[in-house]
Each structure stands twice: as structure tokens, then as C-alpha cells.
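After this come two complexes, each holding subunit A, first together with subunit B and then together with subunit C.
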Partner chain A sequence: MTEIEFLNWVRGPGFQIAVVIFIAGIIIRFAEILLLGRKTNLAEAKGSEMSGGLRTIVTRSFPDRGTFQRSTFTIVAGYIFHIGLFVTIFLFAPHILMFKDVIGFSWPSLPTPVVDAVAVVTIIALLAVLAHRMSNTVLKFLTNTEDLLVWLVTILPLITGYIAFHRIGMTAPSLLAIHILSVELLLVILPFTKLMHAFTFVLSRWYNGAISGYRGVES
Partner chain B sequence: MTNNKDKTLLDNSGVDKTGVDKTLGEVLRSQGVSRRSFLKFCAATASMMAMSPAMIPKIAHALESARRPSVIWLSFQECTGCTESLTRAHTATIESLIFDFISLDYHHTLQAAAGHAAEEAREAAMKENDGKYLLVVDGSIPMDNPGYSTIAGISNYDMLMETAKGAAAIIAVGTCATYGGIPHADPNPTGAVSVGDLIKDKPIINVPGCPPIPVVITGVLMHFLTFGTIPELDHIGRPKVFYGQSIHDRCYRRPFYDKGLFAETFDDEGAKKGWCLYKLGCKGPTTYNACATTKWNDGTSWPIEAGHPCLGCSEPDFWDGGGFYKSLSMPTENITQTAIYTVAGAAAAGVALGAMNKNKKSSAVAAHNKTTIDDLEK
Partner chain C sequence: MSASLEKGINALKEQVDSTVASFFSSCVHCGICSEACLFYTETGCPTSTPIHKAEPLRRIWKSEYTLLGRVGKMFGLTAKVDEEMLTKWETRVYDNCTLCGRCSMVCPMGIDIALLIRKTREGMAAAGHAPEDLIGATKRAVTIGSPMGVKLPALLAQIKHVEKDTGLKIPLDVEGAEYMLLLSSMEIMNFPEFIGAIAKIFTKAGVSWTISSEAFEATNSGIQIGVADIAAELVQRIVDAAEKLKVKTVISPECGHAYMAIRWEGPNLVGKPFSFKVRHILEILDEFRKDGRLKITGKETQRLTYHDPCQISRRGGVIEQPRKLIDMFSDNFVEMPDHGKMNWCCGAGGGVSSNERADEVRLKVFQRKKDQLDEIKPDAIVSACSNCRIHLEDGLEEYNMDIPLLSLTETLAEHLAE
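== the complex of A and B ==
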């Protein structure tokens, strides 16, 4: 297989396989969660489930003072890499072209040097998060293989993308193909690991808020 | 240098019996080329091939005393575009004189002989220059059915194998001969393969492009005449001096890519301002060739300068990259359709799995035995 054949495969059948697993995985997991249902609450409702649920979806994006003071590093680094991932994935011109090809519409991109800088910051934040996890005794104790796997598949597209953009070390078709392959790995793994929170965070926050809302308390 | 570094493939001491016994220096002088312009040409060649200035006198000396090498040119499944590219010189340049200098003993587009006489010329050249002649091939070789392409009743495969046997080196010209090219494009109806797919025991220089740049072929020829060896090649057999850098890295529009300024269509403001053609499907980032530096038509222009994205013609399978106007970051398959089918299929599977889970849950509830006081007292 030549490197151009490799590139054509990851852009073609490889991407197709990854998208099928990604979409099927997400839909099946959502169907399972939703169809399982919840026990009927026999207690008398003291407030609205809906308003509490919807409010919590938003409010959980902002840490309260106590949590922020206890876990400043986790929250700051977490914000940085989540925003960084959003910028690098959705605001880089070549990526927007890919989305346009699949979903039919596009949006403005950020200047390339800005995305480049954000990518570096994001990589540093992800490295810092891992260093923190491994140096903190409690976090280290709680870390399992899945945690390390999801960290790896998240940072790989960033690193391979950075290398492919700056064309370091190998010939360009191989670098681009490796970058796309690393994204396909992320797509395949995402629905079956805790990376699924990218979609389920809405549901879980809603449930948390709804429970409190039903009881008439703030969540 | 390649593993052929120490082996001189061209025997300069041998006198060519088929052609006029003149050295290149003599040929050039008889054509009225002055010593000054010859040395200027040698200097330009040295710099083009990234050699040190100290090499200029050596190149001049080697070229002056070089004797006509016999060249056999075989054309298989091709369009003659490569020959057109190499022969359509506007002015009598020194490059074209060097091209004239070789003893082109067989080339079925250019030779005067036809039929049996033509084949006899090839056989005679092979016999007289056994082990010394250069074999140039353009076009791919059909392997499904030999009848897809024959010359004088001889299949392309048989002719290639027979002629390659006594060659000092093989130059595969054009993307068809180097990587299969257009005949090899999906679904490859003739089972087309490249020269390198069939021949493993001879030095092969790949000069891909659709067509390749004329100066690249004269450069390779110059290298062979000067050093008697083949130039340093990259991982897919291309001379590094010409294919060492990508179009993207040498493109004069690169600053626009770096700034994120792209032409969105062929007639928008960006296109008029000469911005980057990435979004219009440019394959420059993954293509290695010398177009951006040597340009075409005596350095007049080249595709990107003319406002058209690079097609990636010097790379293998350039025809199967999902379309010339699809950007490199776009998938080559119809992902939208795939996604719609997946959503439908997965929704059905999800509902079925959900029903199974619900069933499991209710049977677990039904099967559950409540613990009584009696059980605890046991």
C-alpha cells in the first residue's frame, strides 16, 4: 500500500466505517438509556421537574465557589482543553470543509495561526491534566485503563494534526493519513467509553435537576 | 546516493556503433553553442540539482566527453502526452540539444521506420549495446489480457521484459509507467501495472507527472551522462532533486494558506486576489514535484499560477482521490448517505435492544423472591 493509497483509504472506506460505528453507537446507547425508563415517583410533586432540569443543564457549566476553590486546577485546565477542542475541531477551515461536505452547510473559520496557537495550548492543558492525575494520590488510585485510553484518543488527533499542519518528520500524505486515522480511532471509541459524556451530559444534568425540581429544592 | 553509487552504469569508453561517433562537446560546438553558454548551462544544472559549485567543471568535462548513449523508448498504455511534453520545445535550448544528442534508436511515435523495420531497429540496438542502453518507458502494462495493448503483435509485457533484460537502467516516464496512472484508476479494467511492479532487478528511475516536466527528464539524463549513475531517489523511486519538496511547501500562494485566506470559488474576490486554492481541491499539500520552482513552458507559468488547483498528478493513484475539486480534508465517499442509513438502522437496533432490556428488567422483578422473617431466622 502506497502512502497515497493509505490516505485515500482513510478519507474513504476508513472514514465511512468510523462514522457508521460512531453514529450507531451513539443512537443505540441513547435508545437504551431512554427506553429503560425510570420508576414512578409516588411522592407528591413540590415543584417542576422540567424547569429544574433545564436550569441545571446550564448551571452545571459554571462551578460554584466552593467547588472552584477545592479543584481550581481541574476546573481551569478542564475549561481550557474543552474550549480548545471546540476551537480546533469546529473553527479550523479544513475541518469546516469536511463538515460542509457531510452536513451541507458551513460557518466562518478562525485565522489559521489562531487555531494553531489554540492547539498548542490544548495539548499543554491535556498533558497537565494527565500529570496532575498521576501526581495526585487519590486521583491516581481512582485512575483505570479506560481513563488513560480516553485521554490518549483525545490528545492523539491534536498532536497528529499539529504535526501534519507543520509537516514534521514524514512525507505529507502519510502525516495527513495518520491524523485522519487518529480521528477515526476517536470516533470509534467515543460511544463506548466515558467520552460519551459529550452527548449524555445533557441527559444526566437534566435528571439531576429534575430530581431536585420535583422535590422543590434548588439543584 | 542509491545502492548503485559505486557502480558506473554508463560505459563512456565504449564506442557507439549505431550512431555517429561524436562526443557531446563536439555535437554542441557543431550546433554553434559557445563555451560560455555551455558553462552557464552546466552551472544552472549544478544549482538545479543541488550540487556544489565545485562540481561545475566536473559536469562540463564529463558532458563534453560523453558519448551518445543508445536509448530505446517503449510506449505502452499511454496517451503520448509525455512525448508531447518532452518534444514540444519552442526554442533550440541546450536541454533540447542534449535530448537530440542521445541516440534514440526506437520510439514508435518519433521514428521514421515502421512495421518490421522498426522492430528490427529495436532488436539491433539491443544487440549492439547490450547491457549499456537506456530504456525509457511511458505507459502502463495491462496484465489482465495481453491483447489489450500490443505492438507489432508483441504484448506490452513481453516487449518490456525482453527489452529490460539488457538495459543499463530504466527511466519510467509519466505517472502511467511509474505508478499505473489513469489506466490503473479504479476499477482498473485492464489490470494495469507499473514498470516497477514487474521489474525488480534493474535500477529504475521514476519520473512521474501527467505529463512530467521536460527539464526533469533532461536533468535525469544529465545526471546519467555526467556520473554514469542514477540520481538519489526517494521512497517511491523519484529523483530527490526534483521531487524532494511538496508543491505546497514551494507554492508562492503558501502565505495565504498560512493566513487562512482561501478562494472559495473560481471567480470570487479571493480567486482574483490570488489566494490559496486549498478549498477548491488543491492537492499541493500531498504532492511532490518541481512545478512550483521550474514551472512550465520555459518557465512561463504553472497550474496554480494559472488559478487552478494542483491535481497531484505526480503521486500514485491521483485519479482515485475522490475528485479533483474535493479538498484534501473532505471524505471521498458519500458520508451523508452513509450517516442517514446508519441512523435508520441504529434506531431500529436501539429500540430492539431497549425492548430486550425492559423485558429482562421486568422478568427480574417478577422472579425476585421477597425475604421473610422465616428466611432470616434460618
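== the complex of A and C ==
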């Protein structure tokens, strides 16, 4: 297989397989959760489940003061790499072109040097997150193989993307192929690991807010 | 697999629903919940990380209700729940958690971790891994009617004393009364003044009320230990009594988990909505206040603060009422840092105070409450849960602090205009 053939496979069939597993995986996971159902609450309500649930979906993005003070590093580093991932995935001009190809519409991009800088910051934030995970007593205790695996598949597209953009080491088609392959790995793994929180956070926050809202508490 | 382990695993399976599945699917192991839990902040012990306490339930969810987990199980790759694990988790789930729910308020994914631990207890208890003291309390609650073994004659004796002290009649088994008051054993035995305070306030407010001789116990050991059948049986006794006396409202007294048990879990445990309302005593008193039924005289000049009982405030939704009521008799009220729905637990709820094995740790984690109190230096603490009250007194004594504990209801009664 030549370099170009490899890139074509990765961009073509490889990408299609990854996207199918990604979408099917997410549907399966949501079905697994929602089909379990939930009993109707028979206690007299004091507030609304719906408004409590919707409120918490939004408010849980903003920690209370005490929590921020106690978990400053986790929260700040978390914010940085989540925003960084959003910017590098969705606001990088070549990515937007790819999205336009797949879904048919596009949106404005950020200047390339800005995205480049954000990628570096995101990589540093993820490295710091790993260092924190390996040194903090609680995080070290909680950490399992899956935590390390998802860390790796999250940082790989950033690193391979950065290298491909700066054409370090190999020729452009190979670098691009490796970058796309690392994204495909992320897509395939996401639905079956804790990375699924990218979608299920809406459900869990809603349930939390709904349970509290029913009792008249804003959570 | 032993029969008891199988029972435990089945009980855990029964706990899994869409909330549980969405919660476990969302956990990213960020560890933020540990910093919300006084059993971690005051001990530094990572096994007290809230989400970790629900690990038995997570394993059952993963291995039985996820595709990947089921596949992994076939190859022996999915982690199992066994006797050894449950033995390890017993102290984590019962001694080092008060189900206070503070973790549920800070999780960035919105996981209601306290609910997961509450559900984990159902499996632990079914598998025979509940603390002996809680098993004893639960047995007494079922056979005698009270976890502390308080029988009707003891209540009648206390009522007699209260009637003599106050000169007021304590109405027993009055059919058609508007309110039926429940009491915790702790109130009957340690704080009978509470009954007198109610008599005084309700007489002044001009409302009819009663105590049922058949169901006066408010606490529910089934909730604390995590045995839904027993919890339901204890709730049913109250339902039967309330229906028999045809009361409009059942009042949960100054007790945290009793309110959770009858107000929020009760109808779900017995499987049908109640034909009567359930209110916490603070909600009733606040209604009296709004209706102008409370005439107050004299103000407390000492610096007062309010300790929010977790099951009444954060988990119960009664947060504003105590503040409005305290305002009626105090000009010098100060909030603790992290009050209301973010208050720190006293350290003895959720069955911890009934579990002698946890005595050492509950006094150790009281340091959190001490730090809160040190910041505001109150002259007295008002609260609305006799379990919090007893433990706060215990903790203050342990840490050589001299701050009296006041019941909100009793203090209000003292300030009623003649």
C-alpha cells in the first residue's frame, strides 16, 4: 500500500467505519440508559422536574465558590482543555471544510495561528491533567486503565494534528493519514468509555436537577 | 455464590434505572466529589471519595446493563461483586457516609452520588453487610415500633409530664384533627419539651392536632439501613393511622431522615400517593407565620446561627422557612459559610449516629463543623433535627466548645406572646 493509498483508505472506508461505530455506539448507549426507564414519583411535588432539570444542565458548568477553591486545578485545567478541544476541532479552517463535506454546511473559522496556539495550550493542559492524576492522592486512587486509555486517545489527535500541520518528520500524506487515524480511534472508543460523558452529561445533569427540582431545591 | 450474596446482587440489580445508568455513564473520575465530603476532607482517606462508595452498584450496572460489560463478563474481564468486596465496602457505605448529598451538588456531571450510595445500601443490607447496630435498630423498629425501643407507655408517661408542666392537653387519637404529629424516639426520650412546644404553639394558633397511639414514631430505620420492604412497612403504619384518624396533614418532626422517609420516599415505598399531605414542622410553623397565627414577644439578643439538617434543607427543600421563623425572634442572626443547600453535614446522619463502630470517625469529621463555627463564633446554634442536635452537642463537647444547641420549634414557643 502506497502512502496515498493509505491516506485514501483512512479518509474513505476507514473514516466511514469509524463514523458508523461512533453513531451506532452512541445510539446503543442512549438506548441502554433510557430503556431502563424510571418510576413515576408518587410523592406530592413541590417544584418542577423540567425546569429544575434544564436549570442544572446549564448551572453545573459553573462551580460554586467553595468547590472552586477546593478543586481549583481540576476545574481550571478542565475548562482549558475542554475549550481547547472545542476550538481545535470545530474552529480550525481545514476541519470546517471537512464538516462541510460531510454535513453540507459550514461556519466561520478562527485564524490558523490562533488555533495552533490553542492546540499547544490544550496539549500542555492535558499533560498537566495527567501529572495531576498521577500525583493527587484521590485521583491516583480512582485512576484505572480506562482513565489512562481515554487520556491517550484524547491527546493523540491533538499531537498528530499538530505534527501534521507543521509537517514534522514525515511527508504530508502520511502525517495526515496518521492524524485522521487517531481521530478514528477516538470516535470508535468514545461511546464505550467514560468519554461518553460528552453526551450523557445532559441526561445526568437533567436527572440531578429534576430530582432536586421536584423537592423545590435548585441543584 | 452464597445465597446472601445472590440476594445482595439481585437487590443491586433492582436499583438500576435510567438515572443510575446515566450517572455511571457520565462519571469521569475527576475527584471533585471528594472535596465536598467531610469524610474525605477531614480524614484525607481516598476510600471516602463519594463516587467510589457506590462501586458495588456500578459494577452490577456495568456487567448487567451495558453491552461492553456483558461482553466483558463472558470473557471474565468485567469486575465482579463478591463477598470480599462487600466486606470492604461496608464501612465505606455505612460508617463513612451520612447520605448528606453534598457531593450530589458539586459533581460537574450532575451525578446524584448520594442517591447511588443510598441504592448501594439496599444491596449491602440484602447481602448481610450492614452494621450490626443498624440491624438491631431496624429489628426494634419493626417489632417494637421504635429503633430505640420506645413503647407507647413511655410516650404516655412523657405526655403526662408535659401536660403537667404546660397545663395543656396533649390530644391523643383525635379523629378528624387537622394535623397528626409524628415524633422521633429521640424527642420522646431526650427532648419531650418539643411536645410541650407544639402544644403551646398549636393551641395559640387555634388549630386541631393529635398524636396517634398506633403510629407516633417518625424515624425510619429501613431507609437508613437500606431495606425498602421494611421502610415501606414502617411508612404503611403511618399511612394507616393517618387514614384511620382522617387527618389532613401529617407533620414530620425535628428529624432529618424522618422527613425524607415520609415526605419524599414514603409514597414511592408503599406504591401509591398519600390521601393526606406531609409537611415538615418548619413548613407548618411558617404557614402559621404567614397567616398571622404566631404572635411573638421579645427578641433573642445572642448571636444565633442555623445548622441546616441535610435531609431537611439540601435533600428536603425546607431552606427559607427556618430563616423566616428565626427572624421573628432574633435580631442577631448570622449564616455559617456554606449554609443552606451547601451546608456541611454534622457528621452523624444517615444511620452513622446509630452505628457505634462509627463513633470515632463521626467525631473526627466534626472538625468541619467546628471550622465553620469558628469562622462566625455564634453564641448559640439553632437547628431542626434532634439527631443533628445530639451529635452537635457531642462534637462541641469533644472539641471543648461551649455553644448551646436550640430547637427552632422550642425556641419559637418560648417567644410566643401570652
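Following the convention adopted for this analysis, the second predicted complex is superposed on the first by the 219 of 219 C-alpha atoms of A that agree within 3 Å, B and C clash if a C-alpha of one lies under 4 Å from a C-alpha of the other, contacts with A are read in each partner's own complex, and residues count from 1 in each chain.
We take it that contacts are C-beta pairs under 8 Å (C-beta built on N, C-alpha and C of every residue); 3 or more make two chains touch, one makes a residue touch a chain.
Everything numeric here is computed off the predicted structure, so don't read it as measured data.
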Side-by-side fit of subunit B and subunit C on subunit A, or clash: fit
First, second, both or neither for A:V58, with subunit B first and subunit C second: neither
Touched partner set for A:A45, first subunit B, second subunit C, both or neither: neither
First, second, both or neither for A:I211, with subunit B first and subunit C second: second
Subunit B versus subunit C as contact partner of A:S219, first or second or both or neither: second
Touching partner for A:G37 - first (subunit B), second (subunit C), both, neither: both
Contacts of A:I28 with subunit B and subunit C, given as first, second, both or neither: both
Apex subunit A: angle to the C-alpha centres of subunit B and subunit C, given in degrees as a multiple of 10: 170
Partner chain(s) touched by A:L148 [first = subunit B, second = subunit C, both, neither]: neither
Touching partner for A:A131 - first (subunit B), second (subunit C), both, neither: neither
Dominant toucher of subunit A (residue count), subunit B or subunit C: C
Which of subunit B and subunit C A:V76 touches, first, second, both or neither: neither
Minimal inter-chain CA distance - subunit C and subunit B, angstrom: 7
Residues of subunit A at both interfaces, subunit B in one complex, subunit C in the other: 28-29, 32, 34-37
Subunit B contact footprint on subunit A (complex, rising order): 2, 4-5, 7-8, 11-13, 15-16, 19-20, 23-32, 34-37, 93-95, 97-98, 101-104, 109-113, 167, 171-173, 176
Of all residues in subunit A, those that touch subunit C in their complex: 28-29, 32-39, 41-44, 46-47, 56-57, 60-61, 63-64, 66-67, 70-71, 74-75, 78, 136-144, 147, 192, 194, 196-197, 200-201, 203-209, 211, 215-219
Complex contacts: residues of subunit C adjacent to subunit A: 16-23, 25-32, 34-36, 40-41, 44, 46-47, 49, 51-52, 65-68, 104-112, 115, 263-268, 271-274, 277-278, 313-317, 319, 337-338, 341-342
Residue ranges of subunit B in contact with subunit A within the complex: 179, 235-236, 246, 248-249, 257-260, 262, 278-279, 285-286, 288, 312, 315-318, 320-322, 326-333, 335-336, 338-339, 342-343, 345-347, 349-351, 353-355, 357-358, 361
